[in-house]
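Okay, so here's the structure we're looking at.
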Amino acid sequence: MNNIQHKVGAPPGTLVYSGEQRSEKVKITLIEYNENEFIEKDFYDFEECEKLLNQGMVRWINVDGIHDVALIDKIGKHFNIHPLTLEDIVHPNQRAKFEDYDNYVVSIMKMITLDSNEIHSEQLAVILMDGIVISFQEVEGGDAFDFIRDRLRQGKGRIRKMGADYLAYALIDAVVDFYFTILEKFGDKIEVLEDDLMNEPTKESLHQLHDMKREMIFVRKAVWPMREMINNMQRSESDLIKPATDVYLRDVHDHTIRVIDTVETYRDLLSGMMDIYLSSVSNKMNEVMKVLTIITTLFVPVTFIVGVYGMNFEFMPELHSKWGYPLTWLVMLAIIISLLFYFKRKKWL
Amino acid sequence: MNNIQHKVGAPPGTLVYSGEQRSEKVKITLIEYNENEFIEKDFYDFEECEKLLNQGMVRWINVDGIHDVALIDKIGKHFNIHPLTLEDIVHPNQRAKFEDYDNYVVSIMKMITLDSNEIHSEQLAVILMDGIVISFQEVEGGDAFDFIRDRLRQGKGRIRKMGADYLAYALIDAVVDFYFTILEKFGDKIEVLEDDLMNEPTKESLHQLHDMKREMIFVRKAVWPMREMINNMQRSESDLIKPATDVYLRDVHDHTIRVIDTVETYRDLLSGMMDIYLSSVSNKMNEVMKVLTIITTLFVPVTFIVGVYGMNFEFMPELHSKWGYPLTWLVMLAIIISLLFYFKRKKWL
Amino acid sequence: MNNIQHKVGAPPGTLVYSGEQRSEKVKITLIEYNENEFIEKDFYDFEECEKLLNQGMVRWINVDGIHDVALIDKIGKHFNIHPLTLEDIVHPNQRAKFEDYDNYVVSIMKMITLDSNEIHSEQLAVILMDGIVISFQEVEGGDAFDFIRDRLRQGKGRIRKMGADYLAYALIDAVVDFYFTILEKFGDKIEVLEDDLMNEPTKESLHQLHDMKREMIFVRKAVWPMREMINNMQRSESDLIKPATDVYLRDVHDHTIRVIDTVETYRDLLSGMMDIYLSSVSNKMNEVMKVLTIITTLFVPVTFIVGVYGMNFEFMPELHSKWGYPLTWLVMLAIIISLLFYFKRKKWL
Amino acid sequence: MNNIQHKVGAPPGTLVYSGEQRSEKVKITLIEYNENEFIEKDFYDFEECEKLLNQGMVRWINVDGIHDVALIDKIGKHFNIHPLTLEDIVHPNQRAKFEDYDNYVVSIMKMITLDSNEIHSEQLAVILMDGIVISFQEVEGGDAFDFIRDRLRQGKGRIRKMGADYLAYALIDAVVDFYFTILEKFGDKIEVLEDDLMNEPTKESLHQLHDMKREMIFVRKAVWPMREMINNMQRSESDLIKPATDVYLRDVHDHTIRVIDTVETYRDLLSGMMDIYLSSVSNKMNEVMKVLTIITTLFVPVTFIVGVYGMNFEFMPELHSKWGYPLTWLVMLAIIISLLFYFKRKKWL
Amino acid sequence: MNNIQHKVGAPPGTLVYSGEQRSEKVKITLIEYNENEFIEKDFYDFEECEKLLNQGMVRWINVDGIHDVALIDKIGKHFNIHPLTLEDIVHPNQRAKFEDYDNYVVSIMKMITLDSNEIHSEQLAVILMDGIVISFQEVEGGDAFDFIRDRLRQGKGRIRKMGADYLAYALIDAVVDFYFTILEKFGDKIEVLEDDLMNEPTKESLHQLHDMKREMIFVRKAVWPMREMINNMQRSESDLIKPATDVYLRDVHDHTIRVIDTVETYRDLLSGMMDIYLSSVSNKMNEVMKVLTIITTLFVPVTFIVGVYGMNFEFMPELHSKWGYPLTWLVMLAIIISLLFYFKRKKWL
């Protein structure tokens, strides 16, 4: 619920971090490569990193942490990034968006991760400049990007042969693919829950159903704007995105729509499960009611009869008959048996 | 639920099959024809197939199975197909789409089949090149295409006179028509279920209702993007699709919209049936309640009366009266009869 | 539910009738007119009809029945109609659509009729060529068109002065107007049902509600595409539709939107009625519960008291008191009266 | 529900009135004005009115009643109005629309009035010609227009200085403003109903809720097309609407959207109130159930105990003990008190 | 609910205040600044204010109160503002909108404030002219603007270096940011309520849920049109908005969409909570039912047995047996224990 934090009143363009409080040192990872060379180095200081930037190579600067606004500011000044972009980077509750500036384009999006069975989200900003990609992550998570780093190191596939725009695409594609991993696990949880609700609807499963619904609401909120972001990226007229990358953007666009489709399908399934829960509960109630009614209906009439012969009237001829007692039993049994037949016919038994 | 499998982290453009594990040999069927000639041959090896491709004829290469990525790769290289297209082919959970490349156009869609009363879906990719159609199916199902093969063999209708684009259209049309067959059977199931729910709502029918709702969710997910796919195909500026085929594409577009209409209608009907179920259950509950209430209301007052005369007070004049016992019976009968009248008037009986 | 019949596997362009089985002879009615002359004649054979077609007049060929595919084929060949159009005509489950061909335009739509209080639908195809209108109906129903025939015979109004496009418009307008007649009757049924549900909710009225909902689903499915059909007709660039007819098409377009509005309003009303039903049922249940609770609450405590004095303990002083019995009655009456007051205050009585 | 009356089968362009039967004489009011002069006169005959039309002034002809088709026809012929427009005027169930003809533009819309707490609607047609405005109302209601007449008489504001298009705008603006008056009263009714449902949900308030929902459905149906009507009017290229009037049309467009917003908000509120009603009813049921359960649970066990000592076994030692009776009372009190504690802890009391 | 007040019948362009009755004197605050100078002064009279307007500086005239129509009129005349704009300013229930006039542009929007835990809304109109910004607020609230005033005074940030269009943007941005503050507090309330409903669903929490739903309906109604307003502002071709401000407008547009997203998410969450409430209530009912049924089922059969031996038949052999009484107890205990086992197996206990 804390995803609407926002600096209120701060003048537009002032750099104030608005996410959770953090104190760890921010790590900068510089990767430089071309088809033949590959350099990788970690820094905790932008000045040192700055000196190492090689003109002729694709340079990927990954910043793990956005709470050190002074650092962000330094990077922003060095690369001539618009203050509003920097502001967006340090406010970790942006909507996914793509923006075109003169010297760079920026994509901001949400990554989701699964932590102790709950879905968390983290903001990622990817700035693409001429030959340079700068990525800003909220925390050092990186699983999604490990794979890309591996391929860069090993020089496999086409990634080392392509430019910075392909790297930016690869990062976004990794984020979208990660949604699938998470959603697949989520789908398994839905299946388990469904069986639970069908067979043994408890308050806990209702709880869980509600939590999953809420998680889907948040994933949905994160993923819908990504479609538009990639759309805008495809339509961008910036020279930074080469025509050869178009076909890859079209591909990641398709993946995003598939993620959205899956989220919507899960939402449909989850809301259908509320109906199942309610009808299971109402079925159980019905069953309880039937037991109550059968018991009452069987015993109340015969209890009346035994009450009759418990009366103390002086003149009750039946009481003095030898057959009174056994006949009463017979009558009561007859009543009970015919009631049982009646329930059988009504399909209550 | 397993339809969101996806290679996570795989670099875009690397060929990894991501569907169910399969081991059967992949069969390639080559059909070549023109107005006068017809050749049909099966292969388990693309090299052999390759040699037989006749320039002057329409060539249809049907591949039954997409788990042999090496084969797909070979075909892809031979026909110069973009790596992203090959990737889409071997990941059997694509959204329906149409894509335009320089030397070919590709349509990917879902076929549905009915297996032991459950709806399954399978991916079909149709590549249309100059004079060549290549189709990739997940499994050797083929019922939908048998009819086309028959007509090609017999040379009936206009199909042998038309080009490769007409063949591609015919394949897509067969897929769409197959949706109708499945949906018609589904419609019959809905009618049966509806009667069940009206007359005898059981937990099983609720179960079935839920399953059918879920099936419609998946069919819907499969069929909606087909509309857009055919739309894009109609609007394509590729030379591979001749103007003469336009009118047929318009026709298959209409059919797709009818499939969507039918799916939406079924969804409406199914969600109306949940209401019926709930109100049937609540009607039954009401009936049970009435029986309980009538029994209780009839016997509780008279049981009280017999209790009164079961008391052991020394001074109870009624007990010694000769008319005490029969009068008590009369009073009790009067109470029961007037209650029955009351229920009659309330329409509870 | 049988409205998704479709020839599966039939090659596109093969003429196979797919509606209900029929055997009656198909009647062709030829009407020819201009401002001064009027000719009307029935045929059961197209060859005879063919000879009578007068060049200078507006010719309306009405075909009552589409199950005689040989006849349809003959007509199609004579007027040079595209095979796909003929196919659409003989498959009586088309979506309403308008299509533009070189030598003709064709409108296909659904007419609805009310038969023994149920809504049925029938397909109508109207082909407009230069000076010729050909209409294909599933059955000889014609009420909707009788009026047009009368005006043609009598030469009243502007219809005899206008061309074939006006006639085509008049036919479509008659179909749309017929929707209003049906919907008006449907509206009356809704009002009656509403009163029933408010005052005496029975299982039968729930049944009826569900049937009406389903009927609206089908009418909706029939009428929505008509809007697009007329839209396309208005936007058509065919020379067959004269500019003077535009204003009439705009009018029929407005009528179609009004039909849609009415259908949507009825759907809203009907779904509101489900809520009424459920709350009526739950109100009744509540009432039953109250009776049960009141009876139980009144008699259970006093039955306990009489039970107490039915005990057989030797040492129970009350039993020997002269006032024991009347005092017990007083206490019990006091309990019952105070409970009645309590219920009164709770507004249960 | 009677708002779908429609002449079925009437040839388009034949003038037949289709509203409620009326017999009162139709009144024509002619107002002529320019900045300096003002003339107002009533007629029951168009011929007389016709003679008085002054070329140089703005002429407003208001017709109160549309059932006298002969009169409408006469006016139509005099001003050269298209037969379809006349038809729309005399069929009082049109959808709001704006149409552009060569010599005039026409706006048709619904006015709503509140009659004995129910919302009624009435059709208004406004024809704007060069210097002339002709308005047709179903009944002589006119409250909405009185204000305009007053301002014309008194020459206040800018209305006397502006042309006929401003007058047409002023009429439409008065209609839209009247919606606000009605909706405000409706809003008050909603607030009252809401309190009722919260505190004392009765069948009557449910009834009222349903009626209000239905009224909103009809208001919504009336008001939505007005937006489009005014939109079309704004976009009209007719010379009859001067550029200076554009800003006023933009204003009335905003008002219409606000009316729609309000209607949608009321619909949201009303459907939320159904939930309140249902949960109030279910809360009450719960309360009834609790009373029943508490009473039963308190008395059934102790009634069993007194039953035990009402048995007539010869050998029951307790019966002969001196302390049997008081001890039984103690046990029963203990049971009742501990049950009361249990209920207290369960928060049932 | 009182937000649809509207002057009915008032001729368009007549200045009548239509909000709540107020009598406090309207305060005018003039702030004039450029990069070097800053002047701030309060007035209660426009004439005095008028004299102080310095040509070369950015002038911000803030008017706290719109009920003094004479003052508004004076300001309107002085700055040549269109009567319709003035009218919009004094009717405090406008929809957010942006309008372009020759000499100025005007943005009207709703600010929301949180007063004693309830959301209130207030109208703000911002007129941007060449070098001048005039803002009209309903009441002297101003918290949202205090921050801007502070920055102007202190000359921090870029605001003093930018023109009047930046100031107008800053005001709108402050309004949008304030929505976040309110919504964050609202989100906390939702979390608290959610826990309440899960654990202890009371009538009060239902009440609160309904109130929050209604508040969201109103916030939604206020915020949706703001998106369009800012859109129109971005697309405006007025020279008053400099290209340099575009990027800031894009930013505020993003914020508005985020506000809308948050409102929609809250609506989703709140409607999910109704389901939780209903299922909690139905769970509780179920629990009550079970207690009732268990008690009844346990005691009714044994009460019948004790009734049997309370009968006064002369010939009942059991009564004279020494073991009759203890055996009866054993039988009754056996019945109760087996019933308890049965309930255990049914999971009712």
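The chains carry the letters A, B, C, D and E, assigned in the order they are written, with residues numbered from 1 in each.
Heads up, the rule we're going with is that a contact is a pair of C-beta atoms (placed from the backbone, for glycine too) under 8 Å apart; a residue touches a chain by one contact, two chains touch by 3 or more.
Quick caveat: nothing in here was measured; it's all calculated off a predicted structure.
Superposing chain A on chain E by their CA atoms means rotating through 70 degrees, a value rounded to the nearest 5. Rounded to whole angstrom, the centroid-to-centroid distance between chain C and chain D, based on C-alpha atoms, equals 26 Å. Each chain gets a centre from the mean of its Cα atoms; for chain A and chain C, those two points are 42 Å apart. With centres taken as mean Cα positions, chain D sits 42 Å from chain A. Across the assembly, chain C contributes residues 278, 282, 285, 289, 292, 296, 300, 303, 307, 310-312, 316 that each touch 2 or more other chains. Starting at chain D and stepping first to chain E, the chains sit round the ring in this order: D, E, A, B, C. Across the complex, chain C meets chain B through its residues 1-2, 4-14, 82, 84, 93-95, 97, 99, 203, 206-207, 210, 213-214, 217-218, 221, 274, 277-278, 281-282, 284-285, 288-289, 291-292, 295-296, 299-300, 302-303, 306-307, 309-312, 316, 318-322, 324-325, 328.
Listed in rising order, the residues of chain B touching chain C in the complex are 144, 146-148, 151, 156-159, 169-170, 173-174, 177-178, 180-181, 183-184, 187-188, 190-191, 198, 247-248, 250-251, 254-255, 257-258, 261-262, 265, 268-269, 272, 275-276, 278-279, 282-283, 285-286, 289-290, 292-293, 296-297, 300-301, 303-304, 307-308, 310-316, 348.
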